[in-house]
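Each of the next two complexes has chain A plus one other chain: chain B in the first, chain C in the second.
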Partner chain A sequence: MPLRVSKKKEAIKHAMLWFVLLLAFFPLLLMFVVSFKNNDQFMNNPWWFDAVSDWQWENWAKAWGIVSNYIANSVVVAVAAVTLCLVMAVPTAYVMARYKFPGKGVLYYALVGSMFLPGTAATLVTMFMLIRSLGLVNNLLALILVGSVGGQIVSVFILRQFIEDIPKELFESARIDGAGHFGQIRNIVLPMSGSVLGTLAIMQFLGSWNSLMLPLLVLRDDELWTIPVGLMALDGEYVKQWGDMMAGFSIAALPLVILFFFTMRFFVKGLTAGAVKG
Partner chain B sequence: MAEIFFDNICKTFPGGVEAVKDFTLTIHDKEFMVFVGPSGCGKSTTLRMVAGLEEITDGTIRIGDKIVNDVPPKDRDIAMVFQNYALYPHMTVYQNMAFALKLRKYPKQERDKRVHDAAKILGIEELLERRPKALSGGQRQRVAVGRAIVRHPAAFLFDEPLSNLDAKLRVEMRAELKRLHATLETTTIYVTHDQEEAMTLGNRIVVMKDGVIQQCGAPLEVYNSPTNRFVAGFVGTPPMNFFAGSLTGDDGDLWFDEGSFRIRLEKQQADHLGSWTGRDMICGVRPEAMGLVGDGRFAGRDNTITVRVNVIEPFGESMDIYVATPKHPHIVARTEARSDIEPDQNLKLHLDMSRIHIFEPGDMGANLSRKGEPAVV
Partner chain C sequence: MASELIEHNRLRSWLRHKGRMYMVLYALLLPTFLGMALFNYYPKFETIQKSFYIWDGSSIEEFSGLKNYIDIFTADPQFLNTFKLAGILLVANLFKMWPCIIIAIVLHRIRSERWRYIYRVLFVIPMVIPSLVWLLIWKSFYDPTSGILNRLLNTVGLMGVLQWLDTAMPQLATTLSPVNNTVGSIFGNIWGMGAWSLLVLASMGGAAAIRRRVPWLVILSVAFLCANAFVSNGEQIMLSIFGLFHGGVGIAVALAMGVVLSRSYAGESALKWIGGLGVAATVILIFTTMIWTSPTNAFNTGMPAWLGHSKLVIPAIIFWGFPWVGTIGVLIYLAGLQGISGDVYEAGELDGVGPIRKMFSLELPLIMTQVRINLIFMTIATLNQYGMFLLLLGPHGGPDNKGLVPGLYMYRKAFIDQQMGYACALGMVMFALILCITIFYQKYVKVEK
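Our next item is the complex of A and B:
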């Protein structure tokens, strides 16, 4: 009898998981389905694919023509922001984790405390004014700088915990072997924190890729638009071309799906890093 | 190769904890020096000050002709082996061993030669392409030692390197380290809390407590002639037995009176300790200085104590007998093995009076029986 109860429980558990999974994937599936339809097909049958012969491949070709430039802009901004962010965060976290200096506690908690400040809502106006005074309006550099600084605190916070967990004897041994600070970062911190760095990079990349408000405010010329701004423009003024829009959204999602597919193992490992003693 | 000099070294940690106090010592070229003492005695801190991993609060450390107080660790020409091996987990054994040479920009050929020479000495040639996680504890230890010896440093520093190994492997590695020192003849400082390790490895040992050198000398000198009660109790397994009592004079002889027994001190000791007659004292007797039969070194008059047997631990040829006097319930004697001794029986033990130590009262009481001056530090 207890076995049957346990099986029933298992079944309920699995059913719930499938339900959640379905909720998460259903909009994506719909997006994909609609990307092959014209407006008439969409009105008649919005829920599932039509016959393959009726698929509107030109939606994808048209969307690619529009969004490819936005994707390139987004890749430039995201890669540059993530790189800059981690290049600054790793040495900062190393110093925070390894060295004692006057005011370290105050500095660290001030940094961490700033994570609790409201983000875009509170800072958008001042940030725009700052960008304007720097002469960076309508310039991708503004997004790169803001993106790299924005992810900084979380990265320092997570990396510091991780570096603190690396046995101090490894650093001491490296010091005796002849490694300076950058030598220790290059030879110990970077090789040992691959999964955490990978996770942080993916998280920052996602943040930058999905950022809408700031690019919308800062970028004026449409050849500079990033993908979220570009996708908004796909939404026609008088008639919505649902198929074109959804093809554009699908193309915009693809780089992230590919990125996540290849880095999933790192990502999961990184999320649990430091959870148990290794 | 180098001598290492400590001149009045002090280390005070933030918060005022004094870890090392007035540490003055000379470690000779090619010497194997062991720092031994209980946890928190300052031995590791002293070693770390030599390595440059800990700042020196006061005093100077010299390696060879160079005062190294402000010299960074990499420029001190030392190599250190840590308790947890500190092998870089993402590097192979070869890369671990060659790492310091690579940072110092040795040519690839020279690196190769040194790593293979060291691997050959340590018998780890077949492990060079493995990563540390694929090695056993003993193999990791060998790699850690290998990483130190490829550098050909002026001195080796070992910080409790065998503590993480099981008992059997520890004994094996101990012999290996001794052989290695005989081969390389590099000045070595070795830190351990295990007095047996200290006794077997060191040319000389330094016994420390609370940041202060209690005694420095050859292992047998420290064992046979401890400066105070702490050293006497710390060095030796099982530890020395201590009886509280007093010195009394009777019939022109000097006696140690415990209350339940009294023993007559040898004339030489009596002459030495005569001025302490009438004072409370502690008598120290090593377990092996007690015998079951009153002949040979146990022969003599008034050198017996009557005890009650608690527990017997036979080891084959010898045995430890845990006994009690009415005043001292935890006494241990190491004697030849015999099968006619039972728990709860009364037993007469004969003492080797030439190996009796009389200490001043207190945990750190000085050994008044020591002949000559304290060991030169």
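Our next item is the complex of A and C:
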């Protein structure tokens, strides 16, 4: 017996959600509105757009000149870190899922257990000293390496469970056909775990994209700054040009929003799956 | 003989084959574990080692034994103070968890599959905006002269209300201080009243229930004892034997009430009322007499500096990010809710259960696993976070160090004061605390199916 859907009740739920969404998106809307204003316009009316003819397009041009470089750095770091992370994690997960060998349990728990040993602000000290003694200060490579290692735990954990669920016969027949470990990884693991890899890639990418403290300590030169460091500097300017600043924020936010709209279905699925495992 | 030799050879070749196979496997594992050793374990273990040193990061480095740890607990009141702030933020975050849960449940109850998907997409979008962009936009909201918040408050007229409250709330606090004194003479202090009321609630259900909730009862009892036993004479805090005795009697009374009254239905509801009213009174008294006790004088100009006034920093930080719908939270709860089958809903529907009852009796118990995960992450994050405070308030935690959280204090000791060894010791204390809390949650925040 299908239940009658109460129109009124549904309307209440929708209204609640829209109300919360409106509040949640309000800062973004304001960012966009202010990005077209100069300081006077902002002081007069911060709430809504002025007439289109008064829009300060040069805010965006100016901000692009500053922020585009940060975006490029962030993209380089994030893409390299994600790639390196998965290149390291897939063979590890494959071995952990498929083979028994001495020390397996110890190694696995050493890996997953460190999830419960959170780093504190003090770990940042020793991490920074390590980077300094490796000669990687003021080098994007430091962020890539730390980022890719930071993603290992979750990636191996999730990938191992996934690879364990792939039927054993597939691996056996590939081996009889003469495929080695890399052959099996390339021909079986990679094609079958596309969606999991995508999910992991998104999670790691966002982590790298938002990382602030380490880049702040490691990167000295303006040309190497990633988005968070650059935005901080933009915010710290003595005389605030609100329009420029907000345009800079908008530009910094755009790449992922655009990417999101192209890969929406995948993104939502991936993040939900990530949330389940997380 | 011959067959034994063959057997032996076979064993050897088998072992060699196995050995080679293992070598290949270890080689495949190598990158991950090499990376982990270098960039994960090494910094963490280095923290342990350096916590026993006096170390400024470059030239000075000498072993000092337990000196750092002893200093933390005997000569560093500021560090212990930072945990007061962390405690306040933790309580605030407990409340800030609810919008997420409620929104996830409402979203899940939407009938139309299509709309559910649309909402899910909309709630994911904020996640792809760099978190620093949110942070800096909110920071601009709080700007005293051109910030949106002050202008909104002035336009709507709430600034006037705040000005009025600024005189009314301290007055209320003085008016209620006799009540406070009465509470103090019975329960030690306000917190004691809260602990005692919760003790009554926890002992509801008689001896069997008490046995089941031993850890909780111990915590509440200790809290109640502390509230009674430590008396301040204005300058220093002393242990009072009478207070200890008083507290013991209070605990005994609460437990005895729990055992005796739980035998009858009327007694049980009486317990519920006593406990509930006690908790409510505690909350009201805390809000009216402990927070806004003296005028801030910040609202008179109509342009309060939210992040620059020592009395407004904490409220500003708590209000931060309103309406507190962290999207990852919504997604985690949604994933948990997706496990609920339609049958359960229809059963609930036919029984005519109201929407709020349904939330507490049906959906909330089913997502307790997710709530617990979030609780753990939230606690760790609250204790550990400092990036936001560093950006907003600077390394000293803003006016009067009001916004100095433990992590920020650690950061300051390390990178501003150059006491890196000391910072490592602070990190170890923090680490031990986080570990204890995680274990506590795992063990005692039960998932009752």
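The rule is simple: the second predicted complex is superposed on the first by the 255 of 278 C-alpha atoms of A that agree within 3 Å, B and C clash if a C-alpha of one lies under 4 Å from a C-alpha of the other, contacts with A are read in each partner's own complex, and residues count from 1 in each chain.
Here, a contact is a pair of C-beta atoms (placed from the backbone, for glycine too) under 8 Å apart; a residue touches a chain by one contact, two chains touch by 3 or more.
In this text, all values refer to a predicted model and were calculated from it rather than measured experimentally.
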Message: Given the alignment on chain A, is it a clash or a fit between chain B and chain C?
response: fit
Task: Please indicate which partner A:177 is in contact with in the superposed arrangement: first for chain B, second for chain C, both, or neither.
output: first
- prompt: In the superposed arrangement, does A:169 touch chain B (first), chain C (second), both or neither?
  reply: first
Message: Between chain B and chain C, whom does A:187 touch in the aligned arrangement: first, second, both, or neither?
response: first
- line: Once aligned on A, the angle formed at the Cα centre of chain A by those of chain B and chain C, in degrees rounded to the nearest 10, is 100
- line: Max touched-residue count on chain A (chain B vs chain C) belongs to chain C
Query: Once both complexes sit on top of each other, what is the least C-alpha distance from chain B to chain C, rounded to whole angstrom?
result: 7
- prompt: Do chain B and chain C touch any of the same residues on chain A, and if so, which?
  reply: none
Field: Contact set on chain A toward chain B in their complex
entry: 167, 169-170, 172-179, 183, 187-188, 191-192
Task: Provide the residue numbers of chain A that touch chain C in the complex, in ascending order.
output: 3, 5, 9-10, 13-14, 16-17, 20-21, 23-25, 27-28, 30-31, 42-43, 46, 87-89, 91-92, 94-96, 99, 101-102, 107, 110-111, 114, 116-127, 129-130, 145-146, 148-150, 152, 156, 181, 206, 209-210, 212-213, 217, 227-228, 231-232, 235, 242, 245-246, 249, 252-253, 256-257, 259-260, 264, 267-268, 271-273, 275-276, 278
Query: Any idea which chain C residues touch chain A in the complex?
result: 22, 24-26, 28-29, 31-33, 35-36, 38-44, 46-47, 50-51, 57, 99, 103, 106-107, 109-112, 115, 117, 119-134, 136-141, 146, 148, 151, 322-323, 325, 328, 331-332, 334-335, 346, 349, 355, 373, 380, 384, 386-387, 391, 407-408, 410-411, 414-415, 420, 423-424, 426-428, 430-431, 434-435, 438
- prompt: Touching chain A in the complex: which residues of chain B?
  reply: 51-53, 72-74, 76, 78-80, 82-84, 86, 88-90, 99-100, 103-104
